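Chain lettering (A, B, C and D) follows the sequence in which the chains are written, and residue indices restart at 1 in each chain.
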Amino acid sequence: MKKVAYFPGCTLRTKAKDLDKYAKDSANALGFSLEEIENWQCCGGVFTTSKDEIATKLSSVRALAYAEKNNQILLTVCSACHNVIKQTDNAMRNDSEFASHVNNYLKDETYHGTARVMHYLEYLRDEVGFDNVAQKVVNSLKGVKIGAYYGCLLLRPNSVMQMDDPENPRIIEDLIKALGAEPVIYPYRNECCGGYVALEDAASAKKKSVSVLESAKQAGADIVVTACPLCKYNLEKNASDVKVVYFTELLAQALGVKGDENE
Amino acid sequence: MQRIGVFVCWCGSNIAGTVDVQAVSDALKNEPGVVFSTNYQYMCSQAGQDIIKQAIAEHKLTGIVVCSCSPRMHEATFRKTAAAAGLNPYMVEIANIREQCSWVHKDMATGTEKAIILGKAAVAKVNLNAPLTPGESPVTKRALVIGGGIAGIQTALDIAEAGFPVDIVEKKPTIGGKMAQLDKTFPTLDCAACILTPKMVDVAQNENIRIFSYSEIEEVGGFVGNFKVKIRKKARYVKEDICTGCGICTEKCPQKKVPNEFNMGMDNRRAVYIPFAQAVPKVATIDPNYCTMLKTGKCGICSKVCTAGAIDYTQKDEIIEENYGAIVAATGFNPISMDKFDEYAYNQSKDVITSLEFERLTNAAGPTAGKLLRPSDGKHPHTIVFVQCVGSRCAACAEKGKEYCSKICCMYTAKHAMLTRDKYPDTEVYVFYIDVRTPGKAFDEFYRRAVEEYGVHYIKGMVGKVFPEGDKLMVRASDLLANKQLNIQADLVVLAAAIEPDKSARSIATMLTASMDTNDFFTEAHPKLRPVESPTAGVFLSGTCQGPKDIPETVSQASAAAAKVIGLLAKDKLTGNPCVAQPNELMCNGCSSCERVCPYGAITYIDKEFRMPDRTTAIRRIATVNEAVCQGCGACTVACPSGAMDLKGFASAQIIAEVDAICK
Amino acid sequence: MNKETSKIRDEIIRSSGVNPKKCMRCGKCTATCPAFDEMEYHPHQFVYMVENGDIEPLMQSKSLYKCLTCFACVDRCPRGVEPAKLVESVRLAVIRKQGANHLTSDDIPALLDEDMPQQAIVSALRKYSK
Amino acid sequence: MQINNEFKPKIVAFCCNWCSYAGADLAGNNRLAYPENVKIIKVPCSCRVNPIFILRAFQRGADGVIICGCHPGDCHYTSGNYYTRRRMALLFSMLNYLGIEKERIRLEWVSAAEGAKFAATMNDFTSAVAALGENKRLEDLRCKK
């Protein structure tokens, strides 16, 4: 079985254990295994854009250096980890001054900008292939109307993330189709849920999350899927009658590896 | 041995202020070959020129050195002077002792010393000069216009009017271009078809004009006055000379699901079609990508209904070769793709359209017969949002938009907004703008009328995102003057898409060896003083292929290009540059090194018979230069391994003599 | 603009990597900002005010803590100005001052509910404190 | 007048007719001074400059040679300056092998609008060559017994 270096992130160890577990189980079912990298540290949740923020990026660079040393793809599942690590990777590649500052801190773990950071979704699309995913589906989700919720972190800034068309993405919709379900496209799928501002200003986050869910509901979605624990929290906290689940949970369910409770 | 005269100019005090002109003329008197040397206040004046003429006669001069200003200034003047006195003009050399000596040095001693050396170098060169005669080439009195939009039409009509034959090559089945798709034209609001179609008819009826429609340029060879062009006349599977344009085939064709490009894909046409009622030539064309007969061999209905018998499924592309004296590029523009701007939801909603699509929606001959109806449900829109600068003035990333201003959008948006309010006063119209740019005769007045008389809401700000919600479009925008974020529930959103040169322009430019800028607009020979000529001799520019412009500007430029073409075609012969490459037949070994580096394809090879020392003859392959094609760059002279190739006027021996004189 | 202001401005421009002069005042950033209603100064104003050295009001403003860092303005700006990075650098100019952290770990427990993911806490701390 | 005993290098500048020669004229029009050591030879295009001309200059006592042409992409003859660039790369390495310092030979792109660049380039080149001192002459072995 093909082994892929995996960066889980702190939330997947605590509040978002489902996101992690189902990702691993689904990977096994699809013929690859997620190998947690050694001694990883929290990515910090958000990317600090300032050029002189060095220390806050070191944990991501360490993960990148590990993948580089082992000549592996660095796989992420959480949108936030993916965004932070990918943006850090981009800064290391394109800002030589920043890179030399960072590498000065990292004695044996310097990074030279050659690792390949991939989100789990990208791995399914580009390495496994959605066609192959579809073939492994045992519990087709036929008839279920699912809205993909991208939020901001997977897509923006597009010049760095390069995952999909940032204004009209299809990667999650294609996965939904592969699982036999019906994707529902709604206009707020790439609008922000309110993010970490929720901690201080719950009202602000509520306003944004409600618009997202209303938009999905109006378009006819029964379920909304996300790759981000914070999106899930914000949406669920303000949820109406639309269920919010991790995309990995849906995947595991379709692949028949979710466990017995729903089967 | 040459008999050289040296003439040192003071240029008033311009030279004499920093150079001791007497010392220069004295010093040069003793150079080899010099038999006369003098100086004068203004050599270029009539009196100065007379001194030169007189000296040529008196001293039987065979060569002349003028120590004066830059040759770029007065070389031509002194060559004419020499010619008037019976001397070959190419026996004149200029020593540039003004721009490159007196003006850049302050000290009299150093200036004088340098002027003497520059003079010596010129004398050394003239000693090796030979009389040169420029070649002449005839001018083919026929012009080619590439592109049959309003630019190409106007250029062709003007050239034809002057009595020269013109061919228009148009890749679409009809001429007319983008203007044929427009509804009304700003700022006078006359209908585009009413002013364009009579011109199209003029083109069809003009005896001096041939139209090659549904045709493309395949190959361009030759040079100014003598271009040789291959034109691919694509198979339209209809005999052009027999088809009467009755249109029965286009009604009976069973293949009804072909997106109609003339209506921007907003309705369908048949596989056999005439783009629009006033098409020129009014001849049907079969689209091979959709025709069932051509694809499967089963159908043939159009052939059965054609009473004229014009349908020919076996037609093949035809290559036409023709010679031209001048070529005009009039390749036009297209709106850019909206794929990279989906924050405006163009790909997510049928009711988000481009301005050119809006033109078709309001055009009486369009898919809605001129009624403004939403593409999604055919309902009358009550709130319309226009977004300006979509992809124009966009410097964020190259693959997204264009850095330049597309120039026409402010005016056509004002037109669209005004016409909408005029015809449907119950409609609220919003225009989001960054700047309103209306330089042009009666343009700003036009825009103000849209605001003041027609009540169009102009809002300074930009639309950030369009959310398709149900059958409405939620437009989120900024109103910068009010410092507000607006949410407008619209029925229709119209995007003023940036314009870009037609995609075919680049390959045509390559064939013409005409240069382009980074945006693929053709570059002009001089941005101010030669705006309708390309830097390549004999190639002229008309319309938007050179840069964004509206119809009045396009037509002026088209006529200007025609004037340049007429000026060229009016000549019987073109005088070439005599400073061209010349191979030494005895030294050439036919290796082809020169041929490979020649940017103009001026070098070919011939087999020539040579008498050998032992009285036998041998056939050897040697290079020959087409003097009319050679531009005299000299690339071949360096590539030649045997030193056989030389450049007249800049011979190796001459340049080495200059080097020696300078390094002495 | 006095020396002190121009020093702060240059520092903000340097650390953000944003060139406010590229802005053509189209307002698309503000048009697209999901936190518009919560902000007192909007993205285009951040760009304009930083360019003019009018930074003190920005540093005092609660707008600094309302930006969601969603990068919508960064992605949609036609000139590549990246207003969100400017907001962040102004915020850093505030919280890097002695004792000026906007949020401290002592504040956290009061803000939590039992479902709040770690991600929200670390993100907020990273953005609001040094 | 001050007596100047400092070393004055001999410098030959080959300038293409369309860009660099016009650039030199513009330097003159704007009265932008550069050393009188620089003597310009006009060629139609930088690709007309045969390496033999440069060797000849070094044989005859030139201390520095500079070739100026249109900027890449701007050649009046479309591709002449690209030939020059490739040829000079080879020639420069050969001159280096012959023991001529690489600072003594230079290829520069100067447009017709860059009078200031022309003057600055010539100032810079002249002082670089002057710093190296007199050049050793290349000798033609065929002329030796």
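The criterion applied here is as follows: contacts are C-beta pairs under 8 Å (C-beta built on N, C-alpha and C of every residue); 3 or more make two chains touch, one makes a residue touch a chain.
Because the structure is predicted, anything quoted here is derived from the model rather than measured.
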Contact-richer chain pair (by C-beta pairs counted) among A-C and B-C: A-C
Far-end chain from chain A, centres as C-alpha averages: D
Whole-Å gap between the CA centroids of chain A and chain C: 25
Chain C-chain D separation of Cα centroids, rounded to whole Å: 54
Distance between chain centroids, defined by C-alpha means - chain A, chain D (Å): 59
Centre-of-Cα separation between chain C and chain B, whole angstrom: 48
Of all residues in chain D, the ones touching two or more other chains: none
Chain C, residues touching no fewer than two other chains: 37, 72
Of all residues in chain B, the ones touching two or more other chains: 343, 397
Chain pairs in mutual contact under the definition given at the outset: A-B, A-C, B-C, B-D
For the chain A and chain C complex, residues of the former touching the latter: 9-11, 14-16, 42, 44-53, 56, 78, 80, 151-152, 155-159, 166, 191-192, 194-201, 204, 207-208, 228-230, 232-233, 236-237
Contact footprint of chain B on chain D as seen in their complex: 1, 10, 12, 21-22, 24-25, 27-29, 31-34, 36, 39-45, 47-53, 56-57, 60-62, 76-80, 83, 87, 119
Touching residues (chain side chain A, partner chain B) in the complex: 159, 165, 167-168, 185, 187-188, 215, 218
Footprint of chain C on chain B - complex, ascending: 343, 389, 393-397, 401, 434, 460-465, 476-478, 480, 483, 485
Parts of chain B lying in touch with chain A, wherever the complex brings them together: 339, 341-343, 345, 347-348, 397, 467-470, 474
